[in-house]
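Take a look at these structures.
The two complexes that follow have chain A in common; it is paired with chain B in the first and with chain C in the second.
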Partner chain A sequence: MKVLVPIKRVIDFNVKVRAKSDETGPDLTNVKMAINPFCEIAVEEAIRLKEAGTAQEVIAISIGTNACKEQLRTALALGADRAILVETEIEVEPLGVAKLLKAVVEREQPELIILGKQAIDDDSNQTGQMLASLLSYPQGTFASKIKIEKGKINVTREVDGGLQTVSLDLPAVVTTDLRLNEPRYASLPNIMKAKKKPFDTLTPEELNVDASPRIEILKVSPPPERPTGIIVNSVDELIEKLKNEAKVIS
Partner chain B sequence: MDFNLSEDQQAFQNIAKEFAKKELAPNAAEWDAKSEFPVEVIKKAGDLGFCSLYVAEEDGGMGLGRLDASIIIEQLSTGCTSTTAFLTIHNMALWMISEFGSDDLKKQWCPSLCSGKKLVSYCLTEPGAGSDAASLRTTAKKNGDNYVLNGSKSFISGAGETDCLVLMARTGKEGPGGISCFLLPADIKGIEYGKKEEKMGWRNQPTRTVSLSDVEIPVSYLIGEEGQGFKIAMQGLDGGRINIATCSIGTAQAAIDAAQKYMNEREQFGKKIGEFQALQFKLADMTTELVAARHLVRLAATKIDSKHPEATVYSAMAKRFATDIGFNVCNEALQIFGGYGYLQEFPLERYVRDVRVHQILEGTNEIMRMIIGRRMLMEGATEIIQ
Partner chain C sequence: MSILVIAEHDNDELKGATLNTITAAKEIGPDIELLVVGFSCDAVVEKACLIPGISKVLVADKETYKNFLAENIGSLVAEIGSDHSHILASATSNGKNFMPRVAALLDVAQISEIISVLSEDTFERPIYAGNCIATVKSSDSIKVITVRATGFDDCESEGGSAPRENLDQDTNLGISAFVSEELAKSDRPELTSADVVISGGRGMQSGENFRLLEGIADKLGAAIGASRAAVDSGFVPNDMQVGQTGKIVAPNLYIAVGISGAIQHLAGMKDSKVIVAINKDADAPIFQVADYGLVADLFDALPELESKL
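== the complex of A and B ==
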């Protein structure tokens, strides 16, 4: 089985994000970038499928500028077999990404596409669902456990109030939740081996996809600063303030 | 000339940083307080390749250069100085086995040492032979197919909890030419370990004396040739000095990270303490000196990688400078924290305690100055530093 793992380059989750002074977007100068944590979970799951003998090949793919190579190399160092970069300067949106991925799926014919449920930068949570729709594939979103047997994949989903397990026919699209697995560290030998693995670069034009944005961003601004708190002298005073000032209890 | 890290080096740096952040830093204070030797985490480090950084690939090592190793060690030491320092000693002693050991010896020991499943201690210092290491008195006398070893070694990192020892003993005449290098299984008959020393820093790794009384080992446990021991020890120490210097750099970086954050948070006299010029100048000097020290260490590592004839002098300069600067930076960072820096609730006092010993071991900084000074007095020597 072939597994395709789309990954996104995002600001590292440890970084305190700042908006650019002209409010056109987040400030990315000199900021540490990383694989989106949910995508990393997707990579890990695909590698585990390969280690278990269920998958034969794991292909990592990213869409964006040349800088995304760094994250694809990380995916290769974690254990992906080969990488594809769809290189574009366009700020791609979920629908554009889904269309590009669809074109790659048609070329590569993977039986399973595992991707993060959302990216921690724009928190869209759309790409996996859109991709499944465009491909007319079944989808299992927010997976906390997957099990593949007899041409089907059972996906345990984290839903409000509990867990739901759905059984999908392959090929299928699965999006990962936080508890699916704990990603490994890339080892030094694997980092060195990653350089020798196949790496292809494509463009949206080659895939015949128009990925131009459909959403106009008006402005990006930081949330209002939290005002400093006050120290109350007694529980009574606290209750009084919660009742009359904050009006959160009655 | 390019001072930038290569793509690989950046990837190594990232993974070491992540490991330090997740596996070392959250536990370092507890290991220190409980004097706990984190063998399991060291094994985990071994899984990633950190136990055999510059050991040859054919022996199961990573085959990296000293510069690569320094970049990795620096990141690890930001998480836990003492654990990282032990890892570097393991790396150094293992390198001696891989570089000078017989094929049989390597086959037997290298795989498990490279993966970190087994650990090695390095035994050179004796109660009466510290800086003057060539005066060591532990003896190894040949008796048929065996050597019989007698004597004692002191300040041995990991001793009592490692699986083997790389040990220097006298097989011949007085002085450096009579010293040979041996590998000893840690549990061999006739070996005894002293009590765990109570130390100022490096508290999470055990330090003990090792006493040998009529320890018999087959001649095949000799590493290199008879009489080659001191040369092996000194060659290993060139790298060892870079490693220790690097541990000071990484710790100092962690101290600066903490101090910078604190200066932007802590308020006194109605403003952030970072707004006081006295502290700004302090931070500026700490940063400048740390960067200078880091690059001297990387330069020295490059000299070893390129087998430069003056690698020893560069290593000595790097070790002297980086460990002095590292201590000062940690100490100044503690000062910025004021009273809180003195509390164990914050990591600053541990940083200071841990890096202090780097000015003493792997050759004291006074010995480093002797190495540099003697070399510089030789004819034409001032040319070498250009």
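== the complex of A and C ==
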């Protein structure tokens, strides 16, 4: 089978982002960028399907500026066979991303689309579900385990109370949760080899998709500050403060 | 036009998150309909009808909806919601699962995890793990919204008498099926609605050592949570994870034990009213958000705390 893996370029997960002082957006000046951690898990899962002989081809795709090539090259170095960049300067919202991906799915006809459950920048958690919905495909969101057999995929999902397993007809959309796998690192020889792998660039116009935003960001501000706390010296003092000062225990 | 709120429940019990979501709906407008979709869920409907300020309770009680498969629920909600101004659901694993399908079917954006309502089209939501708060304005004709429960108080749960209206729709897409579930059984309160939460991190060193938290949790009536590091290390299951991509909690008292305070964890608990941190590393970032910090070895501090509470 063919597997499509959409990935997103985001800030590195260790970076603590601050709002710009004029509140026009997050301050991303000179911030380290990376593949969204959940997308990395998606790439890893697709490569494992290929290594297991279940998948024959893994295609990585990203939507954004030319800079996203960096993350697509990482996906190629990790083991994806080819890459597609849908290049656009506008900040595409999840609905627009899902529409662009749908257009690519119709061209490429993958049987499985694996993507991260959430991007750590806008924390939307929408794209996979929207894509599945637009394609009338089933979805296995927040996956911690997948198993493919006889035209179906069983997805074990992380839900609020524990785990739920669903069986989905293929083609299907899977979104990854943290425990699905532990992504590998790209080796130097593979990074060199990745440079020779096929790389296509498309535009939203070529895909005939209107990906213009529906939501206007009026401002981006810092969260309310917490008052500075104190260090207590003993368990006794802690209990005393919680009882008499904070009044949260009796 | 009225606002449609989707009730969060498990066919037996109406979940508290529904009440926070109704509060958010009331801040948007006065005409609110509540949709209960499930199977054999009369007990839930009874409770739903008692919530004050609801004009009617729509009920889709069909076997199709028993296991809340997103494909089938998404289609139903999009159909019912198409003549509403807003569609709201709680940002639970269930709401997060089906709501984007609804938005896509209606060709509108979704506004995820709002924490406040500024007007009928303008909302606040955290981005970048809560390090920024975005004020967003939607230009869509129908606003599809998930609500972060910690951003809104519970509404009253009794005193109303909304009429019940049964729906005939049975939107089974037939492309997905429920296989099984393993739900954690616990006598403790649910993490997301507990008044007190005590969480352990990598410093707990093993899953067995989480027992040290249990005695304290019993005395305080607390739920037990964990950091992503503790989940990644295999100490405890993922449904205990508090953080950016786990559960978002805001109890009256949050006790973080052996948790360093990574950005991802803080995103899930920093709106708690009072935060206590117990960690032997005085430089741990968790102390920057803690109201009360205790620099101590947790293996000494926890037994002492349990015995003195």
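The working rule: the second predicted complex is superposed on the first by the 230 of 250 C-alpha atoms of A that agree within 3 Å, B and C clash if a C-alpha of one lies under 4 Å from a C-alpha of the other, contacts with A are read in each partner's own complex, and residues count from 1 in each chain.
Keep in mind that, in the parts below, a contact is a pair of C-beta atoms (placed from the backbone, for glycine too) under 8 Å apart; a residue touches a chain by one contact, two chains touch by 3 or more.
All of these numbers come straight from a predicted model, not from anything done at the bench.
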Touching partner for A:R18 - first (chain B), second (chain C), both, neither: second
Partner chain(s) touched by A:S187 [first = chain B, second = chain C, both, neither]: first
First, second, both or neither for A:T74, with chain B first and chain C second: first
Chain A residues touched - chain C or chain B, whichever exceeds: C
First, second, both or neither for A:T54, with chain B first and chain C second: neither
First (chain B), second (chain C), both or neither touched by A:R179: second
Partner chain in contact with A:K195 - chain B first, chain C second, else both or neither: first
First (chain B), second (chain C), both or neither touched by A:T65: neither
Contact residues common to both interfaces of chain A (with chain B and with chain C): none
Chain A to chain B touching residues, read off their complex: 73-74, 77, 185-189, 191-192, 194-195
Chain C partner contacts - residues on chain A that touch it in the complex: 11, 13-14, 16-19, 26, 38, 93-95, 98, 117-118, 120-134, 136-139, 141-142, 144, 154, 157-169, 177-179, 213-223, 226-227, 229-232, 234-236, 238-239, 241-242, 246, 248-249
Chain A-touching residues of chain C, taken from the complex the two chains share: 10, 67, 69-71, 74, 92-94, 96-105, 107-113, 122, 126-140, 173, 175-184, 192, 196, 220, 228, 231-232, 237-239, 244-245, 247, 252-253, 263-264, 270, 273-276, 282, 287, 289-296, 301, 304-305, 308-309
Interfacial residue positions of chain B with respect to chain A in the complex: 7-8, 11-12, 14-15, 18-19, 47-50, 53, 62, 64, 72
